[in-house]
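The structure is given below, and queries will be raised subsequently.
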Amino acid sequence: MDIATLLGIVSGTGLVLAAIIAGGGAIAFFNVPAILITVGGTIAATLINFPLSKVIGVFSVVKKTLLCKLPSAIGEIERIVKLAKVARSEGLLALENVLEEVKDPFLQKGIQLLVDGTEPEVLQDVLATELEQLRARHGLGKKILESMGAAAPAFGMIGTLIGLVQMLRNLQDPAGIGLGMSTALLTTFYGSLMANLIFLPLAGKLDMRSKQEMVSRQLIIEGVAAIQAGLNPRLIEEKLKSFVAPKQRSQLAAARSAT
Amino acid sequence: MDIATLLGIVSGTGLVLAAIIAGGGAIAFFNVPAILITVGGTIAATLINFPLSKVIGVFSVVKKTLLCKLPSAIGEIERIVKLAKVARSEGLLALENVLEEVKDPFLQKGIQLLVDGTEPEVLQDVLATELEQLRARHGLGKKILESMGAAAPAFGMIGTLIGLVQMLRNLQDPAGIGLGMSTALLTTFYGSLMANLIFLPLAGKLDMRSKQEMVSRQLIIEGVAAIQAGLNPRLIEEKLKSFVAPKQRSQLAAARSAT
Amino acid sequence: MDIATLLGIVSGTGLVLAAIIAGGGAIAFFNVPAILITVGGTIAATLINFPLSKVIGVFSVVKKTLLCKLPSAIGEIERIVKLAKVARSEGLLALENVLEEVKDPFLQKGIQLLVDGTEPEVLQDVLATELEQLRARHGLGKKILESMGAAAPAFGMIGTLIGLVQMLRNLQDPAGIGLGMSTALLTTFYGSLMANLIFLPLAGKLDMRSKQEMVSRQLIIEGVAAIQAGLNPRLIEEKLKSFVAPKQRSQLAAARSAT
Amino acid sequence: MDIATLLGIVSGTGLVLAAIIAGGGAIAFFNVPAILITVGGTIAATLINFPLSKVIGVFSVVKKTLLCKLPSAIGEIERIVKLAKVARSEGLLALENVLEEVKDPFLQKGIQLLVDGTEPEVLQDVLATELEQLRARHGLGKKILESMGAAAPAFGMIGTLIGLVQMLRNLQDPAGIGLGMSTALLTTFYGSLMANLIFLPLAGKLDMRSKQEMVSRQLIIEGVAAIQAGLNPRLIEEKLKSFVAPKQRSQLAAARSAT
Amino acid sequence: MDIATLLGIVSGTGLVLAAIIAGGGAIAFFNVPAILITVGGTIAATLINFPLSKVIGVFSVVKKTLLCKLPSAIGEIERIVKLAKVARSEGLLALENVLEEVKDPFLQKGIQLLVDGTEPEVLQDVLATELEQLRARHGLGKKILESMGAAAPAFGMIGTLIGLVQMLRNLQDPAGIGLGMSTALLTTFYGSLMANLIFLPLAGKLDMRSKQEMVSRQLIIEGVAAIQAGLNPRLIEEKLKSFVAPKQRSQLAAARSAT
């Protein structure tokens, strides 16, 4: 799991809980109807806005983003260079034998198309379309999370308005004023917390992650094209290195000299 | 009807109603003057902003978006491939005989133009113009709904200000303070609810739907052009498949092998 | 006058007035100093922001937009086709005789340039420059109205702050608290109402209208160019029809068959 | 000085002062610590955000924008046409004699380069670079003013929060509550007024002015290039007229016929 | 250190402290739990949003931006012209002898590549990639700071909501109301101050600085390319001067004539 995300969610939640408990009466902050209207309202607005399947899909995208470690670009380059050496010495068809060793399904698909003798333009088209699909899926995921980040405080405020109207109609009971108002404020609290600790930061993370994954896929597309063109493995490595930062390049040099 | 939208509106409204009823005195939340000023003000601002015919039109666009099921891209491709086979074996004129079976008016128009022997460029122009009209209509619909989503909370606040000014002038009656203030807050409540549960999510849905419909129409334009060019039905299917997600493509393969 | 705009302003104002009167003490909502600071502050900020002549100009642009009915595109096309027939049968110079019948000053200018034997490129340039001027004028008008829509609530809040500071210094007079606060809120009420019922919707209307007018002018530019090129009137009609929606095109067909 | 700006600042300030004085106790609105925290905080944030020299520079840009009258485009065209006539009849070198009569330093620089026999491309480059510098200076000025317009209300609110915290700790003195709260609100009042009456409108004015000045400079660049190319003065006038609105063009015609 | 930034932070903090101390009870403004929830919440949200290494990296970028003085463009040009003279008179390889005198690592890398006899296109590519990396690093730094500038007030408000809910549940203790509310407001105060005095202005500074550094690097890239092309040092100086403002150009002339 992505350590920073875990750290952020745990520490953020912990801090809020600590502040609540330190003030005493933590139980007052747990109010089922208030949770229902904030969470429920946010989900309802999201369901109206987006197709049901996409809303469900966003959770799996988020889960995958957080749990799966992105393969390092350096490892990716080494793997492609190794495949290039095989193709160079034994021919494109020999790649079929090492196909099972390739874990990344995107690279696997590219190699499969190579082995099938697909035309270069068609191969580029197929992989680029796949890339576009992923970008669209991530883009929609970000949009859904941002829309939830806008809906949560709005429904928090709607819940507070309902509570205030109810409280104001019972002003004759002075003891109830503080209690009513504190309960009314809970939905605004839930909405703000959900938006600022969960939805908006996750939308940002998805965006960061999507950009990294796009770069990694473009590296694969370039690499597969270079193998198909029969380029020298050394030259392929040089070309692909332009995708990684200078600091990482030296790791690559180190890895190579270690071999 | 679009299930998610229905679910969202029903569950959102239900949750709000439950919160109101649970607090007791639900009747207090139903206030005709407050509804009049929020809903009326929103409509008034919308009428100033947009031509009358377009404002009325937005409701039919929304209704159509929610009620009509979008034809699946897979079905669309199968239909076009079938037409391509007819055209290939019996000539373009033979398409006239199957014209009545075509339900989609956009595809029908394209086929009619084919049968009439329209020049390829003119045919493309006519269909593209039609597409542009639809996009503009959907775009304006989204703009109107978003503008209503901005006007509703604004008029809610205006109503609350009116109520507050009136309440503050009668402070000598302490019993009336709570009542006056709770009534004043109702318009803000209505405005927020309308914007966040109806106008803004519907604007988002219209946008999603519009994008899907655009893709489906572009698929038809490409398909009709390919039929006119006399391409092999097999090749047409390959070309059109790039419009659908990989998951759906396997459905297409399954459908074909089932035949 | 534009019916929807009139309807919107009258119904919006009427609803607000009704809410005020229904609450009793309508006279309290009419406060000259509050009006002065909100309206005056908005005008002052607008004068600093924009040149004096443009601020004055925006009112005439708005008035013209609301009062003058936009000529229908269909009528425009018919008029141009009629002129094309004259030019075709009797030569470009014969257009001078029908020049007076042309009401639209933009079309008139185009025909005058035709009759003067202006070079095609120069003619296009002159008309396009005129179009650009109009677009800039409308664009600036929209910007001024939007800036007023932002200034009005801001000065409303400034007025409220002044009132609150004054009221808070006299807390010893409890009777005055409610009165002072209600008066302080009036400026915020005026500012919100002006922005949301007048400035922002009018800015939107100006934008809609500007886009329609641009299309109508581009239709004229195309038409004049086609007449100059000596195209067949039938072909000119076909070309210009691409500017109008399909629904309107059938009106054109009906009109023609009625002749 | 720019009349509208002067009028706006004077009338806006006057209205606010009138509202303050009319309410009595005007002296309460003048609070040195409140002014210090709002003005000082805004300046502090601006100094962190922008280089010191640019912040100081923005005041001179604003002063120049307000005080210097922009030369009319018509006068500019007449001056260039006059220079073109001299160059046409007596040669480019003869322009050196009239160089001192040229007031505008930008036009002067252009003529000087002409007299020096600079290559056309270099001349264009030098003048275009100068134009770019001015646009960047104005653009940065606008950005600084807008950033001050955002910082002023923020520090107004920070001041109010400080005041509120201090007041709330002394609730036992009821007489002090109103006084403390009214003082606390002063900073929000100062911040809003500064942003909406000074910073934001001035940023808008700078933008308007910058656009006008750009057009005037481009007119000079075109004119100097035309003189260098040895074009007919009549033709130069025709070309430059496309930069001015139709209404102004008739002024030009009038001026010429008056000669 | 950047003087304006130091001045801004010191004066801004000083003003706020002065306002706090002047009101008495400064100790009340120092509240550890309030600091924890505002600062901690902001950091937590940032960790969820951005990769851990990038969040840590932003502090070093900010520190470097504030502490390192940007080399003056004039000095940069003089240094490049000096290198060009060496290359012109003694050949490209002679640059190796002066390589150690070059302090700027970017220029040093460029010269090293020159000496190594790198192909012009490759040299351009390598330096441009390096430039792109820096821009991306600065761009991400700005995004992180802006996101912290949005999170700080949000968590300030969340802290205030927690405090309000707790205070409202203990209304029976009137003495505690003011104290509770003043403590609750502290987090909003911290959040606003952090965002408006630290995060947002620093994001702006990073952006300004990044743009300046980009120009300085592009100047080096142009200069190295010109040296490689064997251009006349005089011409190189002319070319590079287009990167600096006219005012600075005269400094260059002065520096040269002083030699």
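By written order: A, B, C, D and E. Residues from 1 in each chain.
Just so we're on the same page, a contact is a pair of C-beta atoms (placed from the backbone, for glycine too) under 8 Å apart; a residue touches a chain by one contact, two chains touch by 3 or more.
Just so we're clear, the structure is a prediction, and the values are computed from it rather than from any experiment.
Shared contacts of chain B and chain D, meaning chains that touch the two of them, come down to C. To fit its Cα atoms onto chain D, chain A must turn through 145 degrees, a value rounded to the nearest 5. Work out the mean CA point of chain A and of chain C, and you get 45 Å between them.
Note: centroid distance chain B to chain C, computed from Cα atoms, is 28 Å.
Multi-chain contact residues, meaning those touching two or more other chains, do not occur anywhere in chain C. In terms of inter-chain touching, the protein chains here make up one closed cycle, each touching precisely two others. Touching chain C in their complex are the following residues of chain B: 33, 36-37, 40-41, 43-52, 55, 125, 129-130, 133, 147, 151, 154-155, 157-159, 161-166, 168-172. Within the complex formed with chain A, the chain B residues making contact are 3-5, 7-9, 11-12, 15-16, 18-20, 22-25, 28-29, 175, 177-179, 181-182, 185-186, 188-189, 192-193, 195-198, 200-202, 204-205, 208, 242, 245-246.
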